[in-house]
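These are the structures in question, set out in turn.
You will see chain A twice below: alongside chain B first, and alongside chain C after that.
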Partner chain A sequence: MLYRVEVRYKKGVLDPEGNAALDALRSLGFKADAVATAKVYLIETPSSQKDVEEMCRKLLTNPIIHDYSVSKA
Partner chain B sequence: MLYRVEVRYKKGVLDPEGNAALDALRSLGFKADAVATAKVYLIETPSSQKDVEEMCRKLLTNPIIHDYSVSKA
Partner chain C sequence: MKALVMRAPGTNCDSEMVRALKTVGFDAPLVHINDVLREKNLSRYDVLVFPGGFSYGDYIRSGAIWGKKFVAVLKDELRDFVAAKKPIVGVCNGMQVLVEAGLIPRTADYPEAAMASNSLGYRCMWTWLRVEKNVCGIAGLYKKGEVLRVPIAHGEGRYTVAPGTEKKALAELEGNEQIVFRYCKPDGSPAGGEYPWNPNGSLSDIAGICNPEGNVLAMMPHPERASFFWQFPDWTLGEKREDGLRLFKGLAGSAGGKSGRSI
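After this line comes the complex of A and B, so read on.
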(Lines of atoms letter the chains of each structure in order from A and count residues from 1; the text may use other names and numbers.)
(Lines give C-alpha, C1' and ligand atoms only; values in the text may rest on other atoms or scores of the structure.)
Protein backbone atom coordinates (compact mmCIF):
# COMPACT_ATOMS: atom_id res chain seq x y z
CA MET A 1 0.00 0.00 0.00
CA LEU A 2 1.25 3.47 -0.86
CA TYR A 3 0.71 6.14 1.77
CA ARG A 4 1.15 9.85 1.40
CA VAL A 5 2.40 11.80 4.41
CA GLU A 6 2.34 15.59 4.24
CA VAL A 7 4.31 17.50 6.87
CA ARG A 8 3.66 21.20 7.36
CA TYR A 9 4.83 23.82 9.78
CA LYS A 10 2.36 24.67 12.52
CA LYS A 11 0.82 28.12 12.37
CA GLY A 12 3.16 30.68 13.87
CA VAL A 13 6.30 28.63 13.24
CA LEU A 14 8.84 30.28 10.95
CA ASP A 15 9.20 28.68 7.52
CA PRO A 16 12.67 29.78 6.41
CA GLU A 17 12.56 28.03 3.06
CA GLY A 18 9.19 29.57 2.28
CA ASN A 19 10.45 33.00 3.24
CA ALA A 20 13.56 32.56 1.11
CA ALA A 21 11.43 31.49 -1.84
CA LEU A 22 9.16 34.53 -1.35
CA ASP A 23 12.14 36.91 -1.29
CA ALA A 24 13.66 35.28 -4.36
CA LEU A 25 10.39 35.35 -6.32
CA ARG A 26 9.97 39.05 -5.57
CA SER A 27 13.56 39.80 -6.52
CA LEU A 28 12.87 38.16 -9.88
CA GLY A 29 9.90 40.49 -10.39
CA PHE A 30 7.10 38.06 -9.54
CA LYS A 31 4.15 39.19 -7.46
CA ALA A 32 3.64 37.01 -4.40
CA ASP A 33 2.14 37.70 -0.97
CA ALA A 34 3.21 34.58 0.89
CA VAL A 35 4.95 31.24 0.36
CA ALA A 36 4.65 28.27 2.69
CA THR A 37 6.40 24.95 2.21
CA ALA A 38 5.53 21.39 3.10
CA LYS A 39 7.28 18.06 2.75
CA VAL A 40 5.68 14.98 1.26
CA TYR A 41 6.76 11.40 1.95
CA LEU A 42 5.35 8.69 -0.31
CA ILE A 43 5.79 5.46 1.64
CA GLU A 44 5.33 2.03 0.09
CA THR A 45 4.70 -0.37 2.94
CA PRO A 46 2.60 -3.40 3.89
CA SER A 47 1.86 -1.71 7.23
CA SER A 48 -1.42 -0.14 8.29
CA GLN A 49 -2.24 3.56 8.30
CA LYS A 50 -1.94 3.45 12.08
CA ASP A 51 1.65 2.22 11.69
CA VAL A 52 2.37 5.01 9.23
CA GLU A 53 1.08 7.50 11.79
CA GLU A 54 3.52 5.99 14.26
CA MET A 55 6.33 6.46 11.69
CA CYS A 56 5.34 10.13 11.62
CA ARG A 57 5.40 10.48 15.38
CA LYS A 58 8.66 8.57 15.86
CA LEU A 59 10.71 9.78 12.92
CA LEU A 60 9.24 11.95 10.21
CA THR A 61 7.86 14.87 12.18
CA ASN A 62 8.72 17.09 15.11
CA PRO A 63 5.55 17.68 17.12
CA ILE A 64 6.81 21.01 18.39
CA ILE A 65 6.86 22.57 14.93
CA HIS A 66 4.98 20.25 12.56
CA ASP A 67 1.45 19.20 11.72
CA TYR A 68 1.00 16.20 9.45
CA SER A 69 -1.62 14.26 7.59
CA VAL A 70 -1.58 10.66 6.35
CA SER A 71 -3.66 9.38 3.44
CA LYS A 72 -3.66 6.48 1.02
CA ALA A 73 -2.01 7.61 -2.20
CA MET B 1 -5.31 33.10 -5.33
CA LEU B 2 -3.53 30.25 -3.56
CA TYR B 3 -1.58 27.88 -5.78
CA ARG B 4 -0.06 24.59 -4.84
CA VAL B 5 3.19 23.57 -6.50
CA GLU B 6 4.45 20.04 -5.97
CA VAL B 7 8.04 19.28 -6.93
CA ARG B 8 9.17 15.68 -7.30
CA TYR B 9 12.31 13.96 -8.43
CA LYS B 10 12.17 12.56 -11.95
CA LYS B 11 12.18 8.78 -12.27
CA GLY B 12 15.70 7.45 -12.02
CA VAL B 13 17.03 10.42 -10.04
CA LEU B 14 18.38 9.58 -6.60
CA ASP B 15 16.25 10.81 -3.69
CA PRO B 16 18.74 10.95 -0.81
CA GLU B 17 16.26 12.17 1.77
CA GLY B 18 13.82 9.42 0.82
CA ASN B 19 16.56 6.81 1.05
CA ALA B 20 17.67 8.14 4.43
CA ALA B 21 14.08 8.02 5.69
CA LEU B 22 13.72 4.43 4.42
CA ASP B 23 16.90 3.33 6.19
CA ALA B 24 15.86 5.08 9.41
CA LEU B 25 12.35 3.60 9.35
CA ARG B 26 13.79 0.11 8.90
CA SER B 27 16.32 0.63 11.67
CA LEU B 28 13.41 1.51 13.96
CA GLY B 29 11.75 -1.79 13.07
CA PHE B 30 9.13 -0.47 10.64
CA LYS B 31 8.38 -2.37 7.44
CA ALA B 32 8.80 -0.22 4.36
CA ASP B 33 9.70 -1.03 0.76
CA ALA B 34 10.36 2.45 -0.60
CA VAL B 35 10.17 6.11 0.41
CA ALA B 36 10.08 9.00 -2.05
CA THR B 37 9.96 12.65 -1.09
CA ALA B 38 8.45 15.72 -2.69
CA LYS B 39 8.37 19.42 -1.84
CA VAL B 40 5.22 21.50 -1.76
CA TYR B 41 5.09 25.27 -2.16
CA LEU B 42 1.84 27.00 -1.29
CA ILE B 43 2.01 30.37 -3.06
CA GLU B 44 -0.43 33.20 -2.38
CA THR B 45 -0.30 35.50 -5.39
CA PRO B 46 -2.53 37.63 -7.61
CA SER B 47 -0.71 36.16 -10.62
CA SER B 48 -2.10 33.63 -13.09
CA GLN B 49 -1.36 29.91 -13.11
CA LYS B 50 0.82 30.55 -16.17
CA ASP B 51 2.92 32.95 -14.08
CA VAL B 52 3.20 30.36 -11.33
CA GLU B 53 4.48 27.87 -13.89
CA GLU B 54 7.08 30.44 -14.86
CA MET B 55 8.06 30.74 -11.15
CA CYS B 56 8.62 26.99 -11.22
CA ARG B 57 10.78 27.11 -14.31
CA LYS B 58 12.83 30.11 -13.21
CA LEU B 59 13.30 29.43 -9.52
CA LEU B 60 11.55 26.58 -7.78
CA THR B 61 12.61 23.58 -9.85
CA ASN B 62 15.62 22.19 -11.62
CA PRO B 63 14.45 20.68 -14.93
CA ILE B 64 17.32 18.21 -14.97
CA ILE B 65 16.12 16.42 -11.86
CA HIS B 66 12.57 17.61 -11.10
CA ASP B 67 9.04 17.19 -12.36
CA TYR B 68 6.39 19.54 -11.01
CA SER B 69 2.68 20.18 -11.03
CA VAL B 70 0.74 23.37 -10.34
CA SER B 71 -2.86 23.46 -9.14
CA LYS B 72 -5.20 25.89 -7.42
CA ALA B 73 -5.24 25.10 -3.71
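After this line comes the complex of A and C, so read on.
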Protein backbone atom coordinates (compact mmCIF):
# COMPACT_ATOMS: atom_id res chain seq x y z
CA MET A 1 0.00 0.00 0.00
CA LEU A 2 1.22 3.50 -0.79
CA TYR A 3 0.53 6.12 1.85
CA ARG A 4 0.80 9.86 1.55
CA VAL A 5 1.98 11.62 4.70
CA GLU A 6 1.77 15.38 4.86
CA VAL A 7 3.65 17.23 7.62
CA ARG A 8 2.70 20.83 8.32
CA TYR A 9 3.64 23.42 10.93
CA LYS A 10 1.08 23.85 13.68
CA LYS A 11 -0.84 27.06 13.70
CA GLY A 12 1.20 29.68 15.55
CA VAL A 13 4.60 28.20 14.63
CA LEU A 14 6.79 30.52 12.57
CA ASP A 15 7.30 29.32 8.99
CA PRO A 16 10.26 31.35 7.67
CA GLU A 17 10.34 29.56 4.32
CA GLY A 18 6.63 30.18 3.79
CA ASN A 19 7.07 33.84 4.70
CA ALA A 20 10.02 34.20 2.33
CA ALA A 21 7.99 32.59 -0.47
CA LEU A 22 5.09 34.97 0.26
CA ASP A 23 7.38 38.00 0.02
CA ALA A 24 8.96 36.71 -3.18
CA LEU A 25 5.59 35.98 -4.81
CA ARG A 26 4.40 39.48 -3.97
CA SER A 27 7.60 41.00 -5.32
CA LEU A 28 6.88 39.24 -8.62
CA GLY A 29 3.52 40.97 -8.73
CA PHE A 30 1.37 38.01 -7.67
CA LYS A 31 -1.52 38.40 -5.24
CA ALA A 32 -1.06 36.16 -2.20
CA ASP A 33 -2.33 36.42 1.37
CA ALA A 34 -0.40 33.62 3.04
CA VAL A 35 2.02 30.84 2.20
CA ALA A 36 2.66 27.80 4.38
CA THR A 37 5.20 25.12 3.58
CA ALA A 38 4.56 21.41 4.10
CA LYS A 39 6.57 18.26 3.56
CA VAL A 40 5.14 15.20 1.83
CA TYR A 41 6.38 11.62 2.25
CA LEU A 42 5.11 8.82 0.01
CA ILE A 43 5.57 5.58 1.92
CA GLU A 44 5.24 2.15 0.34
CA THR A 45 4.58 -0.33 3.13
CA PRO A 46 2.58 -3.44 4.00
CA SER A 47 1.77 -1.79 7.38
CA SER A 48 -1.62 -0.46 8.43
CA GLN A 49 -2.56 3.21 8.46
CA LYS A 50 -2.25 3.07 12.25
CA ASP A 51 1.38 2.01 11.93
CA VAL A 52 2.04 4.84 9.48
CA GLU A 53 0.59 7.23 12.04
CA GLU A 54 3.03 5.83 14.59
CA MET A 55 5.83 6.51 12.06
CA CYS A 56 4.67 10.12 12.09
CA ARG A 57 4.66 10.39 15.86
CA LYS A 58 7.97 8.60 16.30
CA LEU A 59 10.10 10.07 13.54
CA LEU A 60 8.49 12.08 10.76
CA THR A 61 7.11 14.88 12.96
CA ASN A 62 8.03 16.67 16.13
CA PRO A 63 4.59 16.82 17.79
CA ILE A 64 5.53 20.11 19.45
CA ILE A 65 5.54 22.04 16.17
CA HIS A 66 3.97 19.75 13.54
CA ASP A 67 0.55 18.44 12.51
CA TYR A 68 0.29 15.57 10.09
CA SER A 69 -2.25 13.78 7.95
CA VAL A 70 -2.05 10.27 6.51
CA SER A 71 -4.02 9.14 3.47
CA LYS A 72 -3.89 6.31 0.96
CA ALA A 73 -2.12 7.63 -2.11
CA MET B 1 38.27 10.19 32.48
CA LYS B 2 36.80 8.93 29.27
CA ALA B 3 34.59 11.14 27.11
CA LEU B 4 32.94 9.43 24.16
CA VAL B 5 32.76 11.79 21.20
CA MET B 6 30.35 10.38 18.65
CA ARG B 7 30.16 11.13 14.99
CA ALA B 8 27.43 10.38 12.52
CA PRO B 9 27.49 10.83 8.73
CA GLY B 10 27.60 14.62 8.31
CA THR B 11 29.16 15.44 11.68
CA ASN B 12 31.84 18.10 11.17
CA CYS B 13 32.84 19.49 14.58
CA ASP B 14 34.26 16.29 16.00
CA SER B 15 37.99 17.09 15.77
CA GLU B 16 37.67 20.47 17.49
CA MET B 17 35.61 18.79 20.20
CA VAL B 18 38.21 16.06 20.74
CA ARG B 19 40.98 18.68 20.88
CA ALA B 20 39.15 20.75 23.50
CA LEU B 21 38.41 17.66 25.61
CA LYS B 22 42.00 16.40 25.43
CA THR B 23 43.25 19.84 26.43
CA VAL B 24 41.41 19.58 29.75
CA GLY B 25 42.65 16.05 30.39
CA PHE B 26 40.04 13.75 28.88
CA ASP B 27 40.76 10.57 27.03
CA ALA B 28 38.41 11.34 24.14
CA PRO B 29 37.87 8.49 21.69
CA LEU B 30 36.02 9.47 18.53
CA VAL B 31 33.64 6.66 17.61
CA HIS B 32 31.24 6.31 14.71
CA ILE B 33 27.61 6.06 15.74
CA ASN B 34 27.23 2.65 14.04
CA ASP B 35 29.97 1.26 16.28
CA VAL B 36 28.39 2.85 19.35
CA LEU B 37 25.06 1.25 18.49
CA ARG B 38 26.75 -2.10 17.85
CA GLU B 39 28.77 -2.10 21.08
CA LYS B 40 25.80 -1.10 23.27
CA ASN B 41 28.12 -0.19 26.10
CA LEU B 42 27.77 3.41 27.22
CA SER B 43 28.59 2.59 30.84
CA ARG B 44 32.33 2.41 30.15
CA TYR B 45 32.37 6.15 29.44
CA ASP B 46 32.24 8.97 31.96
CA VAL B 47 30.87 11.55 29.52
CA LEU B 48 28.87 11.39 26.26
CA VAL B 49 29.38 14.14 23.71
CA PHE B 50 27.25 14.83 20.63
CA PRO B 51 29.23 17.29 18.50
CA GLY B 52 27.92 19.62 15.83
CA GLY B 53 27.41 19.13 12.13
CA PHE B 54 24.63 18.07 9.84
CA SER B 55 24.05 14.45 10.77
CA TYR B 56 22.21 12.41 8.16
CA GLY B 57 22.04 15.50 5.97
CA ASP B 58 19.62 17.17 8.42
CA TYR B 59 16.95 15.11 6.64
CA ILE B 60 13.47 14.90 8.19
CA ARG B 61 14.58 17.42 10.86
CA SER B 62 17.98 18.41 12.21
CA GLY B 63 19.08 15.83 14.75
CA ALA B 64 15.96 13.69 14.37
CA ILE B 65 17.47 10.61 12.74
CA TRP B 66 20.47 10.48 15.07
CA GLY B 67 18.35 11.11 18.16
CA LYS B 68 15.65 8.58 17.30
CA LYS B 69 18.10 5.87 16.21
CA PHE B 70 20.09 6.31 19.39
CA VAL B 71 17.02 6.02 21.60
CA ALA B 72 15.63 3.08 19.60
CA VAL B 73 18.76 1.02 20.31
CA LEU B 74 20.13 2.43 23.57
CA LYS B 75 17.13 3.81 25.45
CA ASP B 76 17.78 1.91 28.70
CA GLU B 77 21.53 2.49 28.63
CA LEU B 78 20.97 6.17 27.96
CA ARG B 79 18.48 6.55 30.79
CA ASP B 80 20.82 4.72 33.17
CA PHE B 81 23.59 7.11 32.12
CA VAL B 82 21.38 10.13 32.86
CA ALA B 83 20.13 8.63 36.14
CA ALA B 84 23.75 8.00 37.23
CA LYS B 85 24.22 11.79 36.92
CA LYS B 86 26.97 11.32 34.36
CA PRO B 87 27.39 14.35 32.08
CA ILE B 88 26.03 14.44 28.53
CA VAL B 89 26.84 17.40 26.30
CA GLY B 90 25.25 18.24 22.96
CA VAL B 91 26.52 21.18 20.93
CA CYS B 92 24.73 22.59 17.87
CA ASN B 93 23.53 19.50 16.01
CA GLY B 94 24.16 17.73 19.30
CA MET B 95 21.58 19.97 20.99
CA GLN B 96 19.10 19.12 18.24
CA VAL B 97 19.84 15.43 18.88
CA LEU B 98 19.24 15.76 22.63
CA VAL B 99 15.93 17.55 22.08
CA GLU B 100 14.76 14.99 19.51
CA ALA B 101 15.94 12.13 21.74
CA GLY B 102 13.72 13.43 24.54
CA LEU B 103 16.55 14.24 26.99
CA ILE B 104 16.10 18.02 26.87
CA PRO B 105 14.28 19.78 28.51
CA ARG B 106 13.82 16.57 30.52
CA THR B 107 13.67 12.82 29.98
CA ALA B 108 10.52 11.98 28.03
CA ASP B 109 9.28 9.48 25.44
CA TYR B 110 8.34 12.18 22.94
CA PRO B 111 10.10 15.52 22.45
CA GLU B 112 8.85 18.31 24.71
CA ALA B 113 10.52 21.05 22.67
CA ALA B 114 11.65 21.58 19.09
CA MET B 115 14.63 23.20 17.42
CA ALA B 116 12.77 25.11 14.73
CA SER B 117 14.13 27.00 11.73
CA ASN B 118 15.89 30.27 12.52
CA SER B 119 13.73 33.28 11.85
CA LEU B 120 16.32 34.43 9.28
CA GLY B 121 17.69 31.13 7.98
CA TYR B 122 21.22 29.77 8.38
CA ARG B 123 23.56 31.97 10.39
CA CYS B 124 27.30 31.56 11.03
CA MET B 125 28.51 34.32 13.37
CA TRP B 126 29.93 35.26 16.75
CA THR B 127 27.39 35.75 19.52
CA TRP B 128 27.42 36.97 23.11
CA LEU B 129 26.06 34.76 25.85
CA ARG B 130 25.05 35.63 29.39
CA VAL B 131 25.47 32.95 32.02
CA GLU B 132 22.18 32.54 33.90
CA LYS B 133 21.57 31.21 37.40
CA ASN B 134 21.56 27.49 36.69
CA VAL B 135 21.88 24.00 38.15
CA CYS B 136 24.28 22.78 35.47
CA GLY B 137 27.45 21.41 37.02
CA ILE B 138 29.15 21.37 33.62
CA ALA B 139 28.89 25.17 33.47
CA GLY B 140 29.94 25.47 37.10
CA LEU B 141 33.14 27.43 36.43
CA TYR B 142 31.21 30.36 34.98
CA LYS B 143 29.88 33.09 37.24
CA LYS B 144 26.24 34.13 37.03
CA GLY B 145 25.91 37.18 34.80
CA GLU B 146 29.25 36.63 33.09
CA VAL B 147 29.28 37.48 29.37
CA LEU B 148 30.93 35.00 26.99
CA ARG B 149 31.85 35.27 23.35
CA VAL B 150 31.02 32.05 21.48
CA PRO B 151 30.17 31.49 17.81
CA ILE B 152 27.10 29.81 16.31
CA ALA B 153 26.60 28.14 12.94
CA HIS B 154 23.14 26.70 12.38
CA GLY B 155 19.90 27.00 10.49
CA GLU B 156 17.61 25.34 13.05
CA GLY B 157 18.42 26.68 16.48
CA ARG B 158 15.23 28.40 17.53
CA TYR B 159 14.29 26.73 20.82
CA THR B 160 10.52 26.36 20.61
CA VAL B 161 7.77 24.86 22.73
CA ALA B 162 4.19 24.05 21.77
CA PRO B 163 2.31 27.21 20.71
CA GLY B 164 0.40 28.66 23.65
CA THR B 165 2.52 26.93 26.30
CA GLU B 166 5.44 29.37 26.20
CA LYS B 167 4.72 31.05 29.55
CA LYS B 168 4.25 27.80 31.42
CA ALA B 169 7.33 26.22 29.83
CA LEU B 170 9.48 29.25 30.64
CA ALA B 171 8.26 29.40 34.22
CA GLU B 172 9.19 25.75 34.61
CA LEU B 173 12.64 26.16 33.05
CA GLU B 174 13.34 29.21 35.19
CA GLY B 175 11.93 27.59 38.33
CA ASN B 176 14.26 24.62 37.85
CA GLU B 177 17.14 26.91 36.88
CA GLN B 178 17.56 24.99 33.62
CA ILE B 179 18.40 27.94 31.39
CA VAL B 180 22.21 28.00 31.35
CA PHE B 181 23.00 30.52 28.57
CA ARG B 182 20.96 33.30 26.96
CA TYR B 183 21.96 35.31 23.92
CA CYS B 184 22.63 38.89 24.98
CA LYS B 185 24.13 42.18 23.85
CA PRO B 186 27.91 42.66 24.29
CA ASP B 187 27.35 44.48 27.60
CA GLY B 188 25.27 41.59 28.93
CA SER B 189 21.89 43.31 28.62
CA PRO B 190 19.04 41.17 27.26
CA ALA B 191 18.88 40.55 23.51
CA GLY B 192 15.09 40.69 23.79
CA GLY B 193 14.72 38.53 20.69
CA GLU B 194 16.44 41.20 18.61
CA TYR B 195 18.74 40.21 15.73
CA PRO B 196 21.75 39.96 15.58
CA TRP B 197 22.11 39.56 19.36
CA ASN B 198 19.59 36.75 19.31
CA PRO B 199 20.60 35.12 16.01
CA ASN B 200 17.73 32.67 15.62
CA GLY B 201 14.66 34.04 17.39
CA SER B 202 14.72 31.43 20.16
CA LEU B 203 12.21 31.58 22.99
CA SER B 204 13.39 33.99 25.69
CA ASP B 205 16.84 34.22 24.00
CA ILE B 206 17.64 30.66 25.09
CA ALA B 207 21.05 29.52 23.81
CA GLY B 208 21.71 26.61 26.12
CA ILE B 209 19.69 24.62 28.63
CA CYS B 210 20.15 21.63 30.89
CA ASN B 211 17.86 18.98 32.31
CA PRO B 212 16.41 19.58 35.82
CA GLU B 213 19.19 17.44 37.35
CA GLY B 214 21.85 19.56 35.65
CA ASN B 215 23.91 16.75 34.12
CA VAL B 216 22.65 17.00 30.51
CA LEU B 217 23.63 20.22 28.74
CA ALA B 218 22.45 21.21 25.27
CA MET B 219 23.65 24.40 23.59
CA MET B 220 23.62 25.81 20.07
CA PRO B 221 26.83 27.94 20.35
CA HIS B 222 30.15 26.14 19.88
CA PRO B 223 32.42 26.28 22.96
CA GLU B 224 34.97 24.10 21.13
CA ARG B 225 35.35 26.91 18.59
CA ALA B 226 36.06 29.42 21.37
CA SER B 227 38.48 27.46 23.54
CA PHE B 228 41.83 28.86 22.39
CA PHE B 229 42.79 32.52 22.04
CA TRP B 230 43.72 32.08 18.38
CA GLN B 231 40.16 31.07 17.54
CA PHE B 232 38.85 34.51 18.49
CA PRO B 233 38.43 37.07 15.71
CA ASP B 234 40.42 39.82 17.43
CA TRP B 235 43.32 37.83 18.83
CA THR B 236 45.84 39.72 16.71
CA LEU B 237 44.58 42.89 18.39
CA GLY B 238 45.35 41.44 21.77
CA GLU B 239 42.01 39.79 22.57
CA LYS B 240 42.97 37.02 25.00
CA ARG B 241 39.90 34.88 25.62
CA GLU B 242 39.27 31.20 26.08
CA ASP B 243 35.62 31.39 27.08
CA GLY B 244 34.69 27.95 25.78
CA LEU B 245 37.54 26.11 27.46
CA ARG B 246 36.14 26.76 30.93
CA LEU B 247 33.06 24.76 29.95
CA PHE B 248 35.29 21.77 29.25
CA LYS B 249 37.21 22.35 32.49
CA GLY B 250 33.86 22.39 34.26
CA LEU B 251 32.89 19.23 32.43
CA ALA B 252 36.10 17.58 33.63
CA GLY B 253 35.23 18.67 37.16
CA SER B 254 31.71 17.27 37.00
CA ALA B 255 32.68 13.97 35.35
CA GLY B 256 32.73 10.94 37.57
CA GLY B 257 29.15 10.85 38.76
CA LYS B 258 29.07 14.20 40.48
CA SER B 259 26.53 16.81 39.47
CA GLY B 260 25.17 20.14 40.57
CA ARG B 261 27.64 22.60 42.05
CA SER B 262 30.03 19.99 43.37
CA ILE B 263 33.04 20.99 41.31
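Everything below uses one rule, namely that the second predicted complex is superposed on the first by the 73 of 73 C-alpha atoms of A that agree within 3 Å, B and C clash if a C-alpha of one lies under 4 Å from a C-alpha of the other, contacts with A are read in each partner's own complex, and residues count from 1 in each chain.
Definition applied: a residue touches a chain if its C-beta (ideal position, glycine included) is under 8 Å from a C-beta of that chain, and two chains touch if they have at least 3 such contacts.
The structure presented is a predicted model; accordingly, all values stated were derived computationally and were not measured.
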| item | value |
| --- | --- |
| Which superposed partner A:G12 touches (first chain B, second chain C, both, neither) | second |
| Which superposed partner A:R57 touches (first chain B, second chain C, both, neither) | second |
| Winner by number of chain A residues touched, once chain B and chain C are compared | B |
| Partner chain(s) touched by A:I65 [first = chain B, second = chain C, both, neither] | second |
| A:P46 touches, of chain B and chain C: first, second, both or neither? | first |
| On chain A, the residue positions that both chain B and chain C contact, one per complex | 58-60 |
| Interfacial residue positions of chain C with respect to chain A in the complex | 60-61, 64-65, 68, 100, 110-114, 116-121, 158, 160-164, 201 |
| Residue ranges of chain A in contact with chain C within the complex | 10-17, 20, 57-60, 62-65 |
| Parts of chain B lying in touch with chain A, wherever the complex brings them together | 6, 18, 21, 24-25, 28, 30-47, 51, 54-55, 58-60 |
